[in-house]
Amino acid sequence: MRIDLNSDLGESFGPWPMGEDTALMASITSANVACGFHAGDPGVMRTTIALAKANGVAVGAHPGFQDLVGFGRREIKATPQEVEDLVLYQIAALAGIAGTHGVRLQHVKAHGALYNMAARDRGLADAIARAVAAFDKGLILFGLPKSELITAGERAGLRVAAEVFADRAYEPDGSLASRQKPGSVIHDDAAVVARAIRMVRERQVVAIDGSVISLEADTLCLHGDTKGAAALARSIRKGLEAAGIAVASLA
Amino acid sequence: MRIDLNSDLGESFGPWPMGEDTALMASITSANVACGFHAGDPGVMRTTIALAKANGVAVGAHPGFQDLVGFGRREIKATPQEVEDLVLYQIAALAGIAGTHGVRLQHVKAHGALYNMAARDRGLADAIARAVAAFDKGLILFGLPKSELITAGERAGLRVAAEVFADRAYEPDGSLASRQKPGSVIHDDAAVVARAIRMVRERQVVAIDGSVISLEADTLCLHGDTKGAAALARSIRKGLEAAGIAVASLA
Amino acid sequence: MRIDLNSDLGESFGPWPMGEDTALMASITSANVACGFHAGDPGVMRTTIALAKANGVAVGAHPGFQDLVGFGRREIKATPQEVEDLVLYQIAALAGIAGTHGVRLQHVKAHGALYNMAARDRGLADAIARAVAAFDKGLILFGLPKSELITAGERAGLRVAAEVFADRAYEPDGSLASRQKPGSVIHDDAAVVARAIRMVRERQVVAIDGSVISLEADTLCLHGDTKGAAALARSIRKGLEAAGIAVASLA
Amino acid sequence: MRIDLNSDLGESFGPWPMGEDTALMASITSANVACGFHAGDPGVMRTTIALAKANGVAVGAHPGFQDLVGFGRREIKATPQEVEDLVLYQIAALAGIAGTHGVRLQHVKAHGALYNMAARDRGLADAIARAVAAFDKGLILFGLPKSELITAGERAGLRVAAEVFADRAYEPDGSLASRQKPGSVIHDDAAVVARAIRMVRERQVVAIDGSVISLEADTLCLHGDTKGAAALARSIRKGLEAAGIAVASLA
């Protein structure tokens, strides 16, 4: 039994810091590094890669829509070709910077609205998978279990990783409950740790209606932008390890 | 006797076309492709690389300051670290896209204000050379003959290429005459062709004061953004070849 | 019988020219000037306003999404508050520049995806109308006849103007036929002129299925970004005037 | 005896917060609000204006270079026309948003590199003064005492305000000591308060070499982006008032 712990990092921009990257690095095994379109800039990318390397954390690209003010969280009706182009550009930029540090990218996780749109839209999912496969067939593509992104990755011959969220409620069909819904975010740290352990050990989670559903879990996302994120990350890692689960990157 | 003919291409952006890229490709041997900071976007980069490949033209990165509205032509007082970061980011992005077309970058030519500042400023020149060398020791760095950029490239162990301009007047010290000066741009096509031939064959040019100066010439820049650029490019190439000069890329 | 002729202008950006603004000014009565978010920049806004003033053409704001590379043509899922904020910002910027030329804005026409989304979405339509009314109750709000934007403008106490397109096909329900549909754009100049005259004189147009529909027509849009736009604009104006229709701005 | 206390506010952007605006509002009398080019966005501008109004703080525009990643702190070699255009655009945008809250702008203070360049460069200083005067002759222009900006404002017929910094060391010639110099920033809060009082009461300050110099002081800048900024602001205001100095906005 094993799990990868990933987190979105490198989301500072110019004079504006964001997140607790240094503190989180101690708990995670994979870093999704912003590539300058929704967050991050060339200098932040460099320091984040160096920080990940120093902590033995695997590095992945975290490409998003070119929408700084909206932080890549707003859906933009882009064509598959536009999405393929912007994903390839961002992966390439990050991979090149990583290469100068002797770091090879492990994975790609789309950000925000792009991730959510590609979970449902086969055309966009294929566009992302094409960009990843064209750049490097060895990259692992992250996505929601059973989402269009996962099947697109498989079609493109990529290794894929099913991503789960221990602090988010699930619908009975296995999709994430909308953040608008009451109870969609779980704020009790102990409950989050327990859910994480059950997700990894039993491939199960209690959905928002109380039913038990099963789901794949290759990597678990630790949110970095909430207060107390670093402390929760430590608790989750400690809880998983205490339960006999190996915490390790995917590669 | 041989010379490379280079031109700045891929400077369209979003809905705005620029230049006569298709027509120029027939005359040049090296394309300097904009990387999205001063011009170009991920889609334009893709189509420009494909066009260069189809024409057997070598591809280079043309990184510039992040200043779309100023087209990278305005000096920005950036630190060497900032310059190193933004040059590396842009080279990496272009190289990654080129790689998906089976194209390996041949060279790097800084754009506009960045090129001019680095010609004079050793700190910035070293920053650019560091970025290029860190990314790929096999890349050729373009610069004005005897400029700080050329010596920085040599210090970094890179192959360098001295760039000349047949349609621009030179000062007696070998620097380019300011565009503000009368006579700084040569508009007579026949004169431009004759200057190009003399530059390559004799490593000489008549300066703005009438004196004859000598200068290195590995690559000759054909401007793409002026009216009649494609016709002038054809004349220059034909003239060079008629004079027994081999026109070929550097690699 | 009278009609206003409007066109989207000032869509150049930095080094990239767009459109035939100078030629179009002779035919139109209202200019929708881009405000720097999807096109235009502070310098282009200044010269466009001066050009409109010199031609006796009324000036309006043409606010769009902040998406240069997509030219504001891609839908962005923004909140009503975000839309209200970005519309107000853009109107204010243009109105301030116009004021220094002694020009008072006549109207507001949302651009591209924002215009189309607000035609269907009451929340966004109200957001635009709120921004316009908050800035200046005297501004005229443009919109498709019977669209949400028109009714939102009326709710906000604004004067509204129904906009028609003589070179675009209509569905039987009065909406514009999708550009994807064959026949959606009418390329025969004589047919376009005849449609324009009928729209103004009879408030009628032949829809894509051959049926005759009625529609309000306060202002007719002349596209500026197609080849031959200036010549078509002249033909339309001449045709309307020959049919006894007064061509005049709304104010 | 009276003094205005100003601070740069509204420098958050999209998802990135900056500064302690709410806490500072209690101590200051004039807010310099970022206008979206170096910081701030339309939503942040709205909430900052509302906050200033609720606190009875006068509002001014704080226009800067269009350089988000560099926070407007890097010199850009722009032409006077470009500077005039970008300053006018930003003042107009902020004034329009303020107007919808019933707030009229009191002043304009250029930001960062633009402020520093215009202190020395008459052409840029005149460009800023022209933009301000063209928009509203009633606006007060801030600048370093005796700087080109102050004399340009006077030439343009504007009311000007000499700005001083109690936490920065001065050269014997009255210019600010470079931040690179040891001792250029004064970290002892009590010393800062004492300097502020002497600046206002005696129009004097002890320069970095120990000499006493005299300087005009209409408004005193409280930095908002340092740790403990709000506490220091409170101490300065309390100290000034205890010394019998009226703290009030300029208008």
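Labels A, B, C and D are assigned to the chains in the order they are written; within every chain, residues are numbered from 1.
Heads up, the rule we're going with is that a residue touches a chain if its C-beta (ideal position, glycine included) is under 8 Å from a C-beta of that chain, and two chains touch if they have at least 3 such contacts.
Treat the numbers as computed from the prediction; the structure is a model and nothing was measured.
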Contact-graph separation of subunit B and subunit D, given in steps at minimum: 1
Would you mind working out whether subunit C and subunit D touch using mostly the same residue numbers, over half shared, or mostly different ones? same
Per the centroid of Cα atoms for each chain, what is the distance between subunit A and subunit D, given in Å? 42
Rounded to the nearest Å, the gap between Cα centres of subunit A and subunit C is 42
Residues of subunit D touching at least two other chains: 41, 69-70, 82
Linking chains that touch, what shape results: line, ring, star, complete or other? complete
Under the definition above, what is the set of subunit A residues touching subunit D in their complex? 12-18, 39, 41, 68-71
In the complex with subunit D, residue positions of subunit C that touch it: 36, 41-43, 45-46, 81-82, 85-86, 88-97, 99-100, 134-135
Which residues of subunit C touch subunit A in their complex? 66-67, 69-70, 74-78, 82, 113
